[in-house]
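Okay, so chain A shows up in both of these, paired with chain B first and chain C after.
Our next item is the complex of A and B:
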């Protein structure tokens, strides 16, 4: 007799049998790796360097500008490292990113010894030194896309993290307690459903002083939880009558314990599905906003902003094709993951398959 | 055709987002603004400039006690000096006759405009007025505008589209030619005289001009319109500037009107030029509804305005098109030919906001002309597909762009900091990489070569990061806390040098701001580029609620029009600039009637501004226009091919062979 597996292990086994879903998961993993190591993959600041006897990691400036060691500003590096390192400390050494191109500016002539200036305007057709071409300002598209991966993934995870937390909380309260609490939470949910996210984002971007990508994520998160809340409420309604819940209640467990310990783990699988789809939707919204020029302030490396650059000159096809493919694949991958998850965890679908 | 001098807002063709006219306002097309008259002149490229109505001066009601003296007394004392009365087309014809012919029409049509010489040939051959009988008088022209009209009422105009339409449908006594020399319009005026002391202008009108409803246009209409414009209850956005410098306007009979000035100013010739309303139509309605827009009568008039010019509005689809039809009662009065017919039977303005969409329309022959963006000029209008139906032309224009530094903020109060900003900016790279070498560098507020700019040519600040850093160090902006960003202790608080740079939502402008950001980051200053919608930006600038911004001005026909940008406390002095010497020089310049001595004063102003750098001046935006090959007669002035006289009236299409 086979040992009984836990629900999640069982689900994972079923998930693994679906090649498309596995490929999608692999792709998401790949994106995460790219996002995590973006400053080491493409950039103009050393990943690690030894300068005047000490070790520094200037590439962290891509994560947050404050991480750039002040000594380089003091020594007037002015953002260009290769030459300055050699001139100002002949003893220095550096480990460079794999691809010496900056996501926010055009690399100038001889910035990397012997390399010409990035081509600008419609001259930036993909070539060996710029596999994905350059945009109007001469910024390398590959470097932009590598750093844009961080934005795309962050948008998905942060906004759906917010939406998931709110949605599960509201849905759980309404579904478990019922009565007037349910009435209130359901009405609130319906009200929030009526808020047009895009319009709200446009309005907020116009109001706040320094709109950043975080504002966009917050707005998507705070408006996108309604579907999750409804689903959670349904699951809680269904499960609160289950025998094991009644048993737990009879054993003296409080409502919090029942909700968290007993109902939620069993309700989680179906809730994860809209969250994965939500991630895909959030990425699309962010790309759309950037495409329209309302995304992160320039210079930004978001995929949508690369697409935006193509609007003024459709002949620069590489500004459409590469970010377009990236957005398409990422959204597709999340949808496939969501679908795989759904089929792996939903017993009814499982039965139907057999 | 009349041309009015006031400032107009030209809108930019911004990306799809907003509607404006493209233009300068978009850069290039985008936002700029153009024109002007009187004082307000230069205007930001934003459409919102209309808001400038709040100029303090305008709130003053016309002197109620003004009593015009009898005409005999005036004629006795005034010592009238005759002023020019000209036919605009004849003036242009004369000017063109002196220009060398650089090629035939066929040669020019076969050319690609890829060099200065090709451009000159195209303008020379295709820019000429028609020989007698050569023009197709039944033709229609399809023009492009990037935004719809706010109003069709002549005195409510503000945007460049409204100026365009009013130039064709409005009645006016005065105009100015391609070199911006003012004259009275021979189509409407018999004589124009100015008194020796410069305090009065007397105009005798022709008796054969009629409104489109058949009523004669008289001197009383002109005096009436002045009263309406100066009534503070009427929300006049642009045309009150200038008229507010007059004491009054009085009609002595149907044909004689006298303008009374408060002071003998060099700018009086612009102040007497304003659009005219039909008194018999508005007399009963305007007091009841001073908005001129809300009452049922005014709504009807807005839809179907009474025209005093060569064209009248035939139909209008909001957001899509405005069609004008030639008015036979303009040329034929009482059964005789009073004036030459304008060259087009119909003029259709197509409203297309997005410059890329407009370019598609031009390529397919749906429109006959449009303003081209630099990127369109260099990359999208060079192939045979474009030249199949179209050609293009360029000329310098008095529209300049700059970064404005708000002197009221702790960052830019110090002149050294502003100079450091200018030294930090890679001006050459902007001209070469972003403007693609198409625009002239700009270092000051008056166009090089214009009379007011003086003989000395100012050079833009060249990028010199060492100098910029030294200036910032000197001004106290050093990196005290070792975070790589300069800061300064102000009132006990460490303030990092991080500011927001406002800009319109247009890729070309954003690219320039992004370059500044990159440059400043190299010396430890953080500029956050913040694209904002045009009207929002205008409002922030008017409230001085900004730190720095990218904007532009279309300079006026007269340097005095820029006084309200630089004089202490003026409405459009968005940076809060104040220098008593500049204030004094502007006041003197307006009263100085000798052109050369006036020019010295304005040149001095320009030098002072150059040293103080309240703006980092960037470039002069040339005019870039795409024209259908079927179009002829485009001649450029410093205000583009249309905003002078004859301007758009010089366009024509040849008769089919």
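Our next item is the complex of A and C:
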């Protein structure tokens, strides 16, 4: 275990030497921060407010509708806070999100004192009050994108979490045990590989009655594990003959313990590389699905669904440029992280560098 | 060798059966059927319950999916892929109609990719480490990460909305505007103008990927002992690159070619969908939406056979070219 520990420290040292890979990691960190603080960055619900003597955080409603404090529904706020707070409790105060725009609806005239109604259709060209413009319905694109960051990040991690688990499990079983188990797992891998992914996904999306973003993630995960399984199988085939595995077996370790404690830590570095590239691919697939209109239905704020709006009205170029660049940068960042990881952990590439 | 081939082919058949069962079950599990998908869109074509039942029986939709699959497989063994329910044509005719347009785009893209990728890849490995090489590599890497549907929309905006009325304006949708009786010369130009954007979209991603692939395999080859030997005996840098390194990277390249077989014939669903190009990818997408089971199955079968053949071809070529690798 000590050796593996030192290996990762060494890998991190080499990774840090690559400025592009570090920049990419920084960008992923930035996206995580945006996703975590999305309700405080863009929204129409106060981050924190004092109303009738008590403190509330209505912005949590963006995380889950159930978190909206019941008192505001009872007092008939109907989602518009600024005026209602002032009218119904003159004593109240509120801390507002940095950017007063809603990701799910157009802000109406005078909702924020003195602010005009959001422009809709091709009048929504980017301006001072809407840096990224507004969509057909007048919803602010920047607000949509800020809230869509969560989706983009979750899609990558959840679907690759699923794909990684399945891929490692199937690859490990086939590679370690060989024989008929390998024959079965290899066949299953081949079958999933041969079915065109988009067809598989479109069919499953159609079967699910009310697809949510979580379904999309699960489907991408359940269809995207074949590459990981193949690589894991190869690594396990290679490592099961290693001396330390024989030693562990002689010491009485069971197959599960050998696979998890002895082989997997040593096979992890090469397996992590396709997983990182897989995150990039998952983001592409999800936005592609939303773009084709097969993603989660509104009001999920996926970047791809903003693009879908541009298809029917190409004059609204801002619906393509901003989410397009966001998807591109995110995919690029994960690809760069994957490449950095590859170069930092692959011993052959390391030797070549000297 | 013969036993290996027979075993691979038999395993391939098992895989094919499994794939078709899975896809047939999935297709039948989708809500609705070809009749409801078709009739639902047009209220004037409401049919009586009796008529509906009669049509269902006529297309074998009243049977369970297992029976339906067996019937489909039985017909397949007799060389019959069945008739499309929504388009009232044999599936083979439909595929034949769509194959040409897809090959037109993917074949052109394929030629462009390989005539550009090989020189670019060699250039990148020859100038490895210099500023201009890093620039080229970075641009290729960025292109590789650029989603095709975003690129397609960008191109549509640039060449239709922003260049409206100029010589740069290109058609957005479809394959041809001119009627079939127009003179041949102008029809060729018409189709070529329609092709530019889809071909560009299909080319750039693979171009970036393949160039990087060539560069990576070259980097591996350059590290071998025989390269050092070649340099030591006084061969010039370009000679080393072409005669010694590049020839040894041909094996993985040939494998990559084999694996790109299905996408060459299958086309790209997203690109054909955006540009409404009447090809195979669009047919696949439409047949899923229309729940047109025979067409979905015919296309699935074709894709799977091509994928399996491509893999087999790649493995065989590998053994044929590299005596160190055996089929076992």
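The criterion applied here is as follows: the second predicted complex is superposed on the first by the 349 of 354 C-alpha atoms of A that agree within 3 Å, B and C clash if a C-alpha of one lies under 4 Å from a C-alpha of the other, contacts with A are read in each partner's own complex, and residues count from 1 in each chain.
Heads up, the rule we're going with is that contacts are C-beta pairs under 8 Å (C-beta built on N, C-alpha and C of every residue); 3 or more make two chains touch, one makes a residue touch a chain.
Nothing here was measured: the structure is a model prediction, and the numbers come from that model.
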First, second, both or neither for A:194, with chain B first and chain C second: second
Touching partner for A:169 - first (chain B), second (chain C), both, neither: neither
Touched partner set for A:237, first chain B, second chain C, both or neither: neither
Chain B versus chain C as contact partner of A:328, first or second or both or neither: second
Partner chain in contact with A:268 - chain B first, chain C second, else both or neither: neither
Chain B versus chain C as contact partner of A:206, first or second or both or neither: both
Partner chain in contact with A:32 - chain B first, chain C second, else both or neither: neither
Partner chain(s) touched by A:287 [first = chain B, second = chain C, both, neither]: second
First, second, both or neither for A:22, with chain B first and chain C second: neither
Chain B/chain C common contact set on chain A: 206, 209, 292, 311, 314-315
Partner chain A, residues of chain C touching it in the complex: 11, 14-15, 18-19, 22-23, 26-27, 29-31, 138, 141-142, 144-147, 149-150, 153-154, 156-157, 160-161, 172, 219, 223, 266, 269-270, 273-274, 284-285, 288, 296, 300, 303-304, 307-308
Contact set on chain A toward chain C in their complex: 20, 187, 190-191, 193-196, 198-200, 202-204, 206-207, 209, 280, 284, 287-288, 291-292, 307, 310-311, 314-315, 317, 320-321, 324, 327-328, 331-332, 335-336, 352
Parts of chain A lying in touch with chain B, wherever the complex brings them together: 65-66, 68-70, 72-74, 76, 78-79, 104-106, 120-122, 136-138, 206, 209-211, 292-293, 297-299, 308-309, 311-315
Interfacial residue positions of chain B with respect to chain A in the complex: 15, 17, 356, 373, 375, 378-380, 433-434, 436, 465, 469, 479, 482-485, 500, 505, 507, 510-511, 513-515, 517-518, 521-524, 526, 528-533, 536
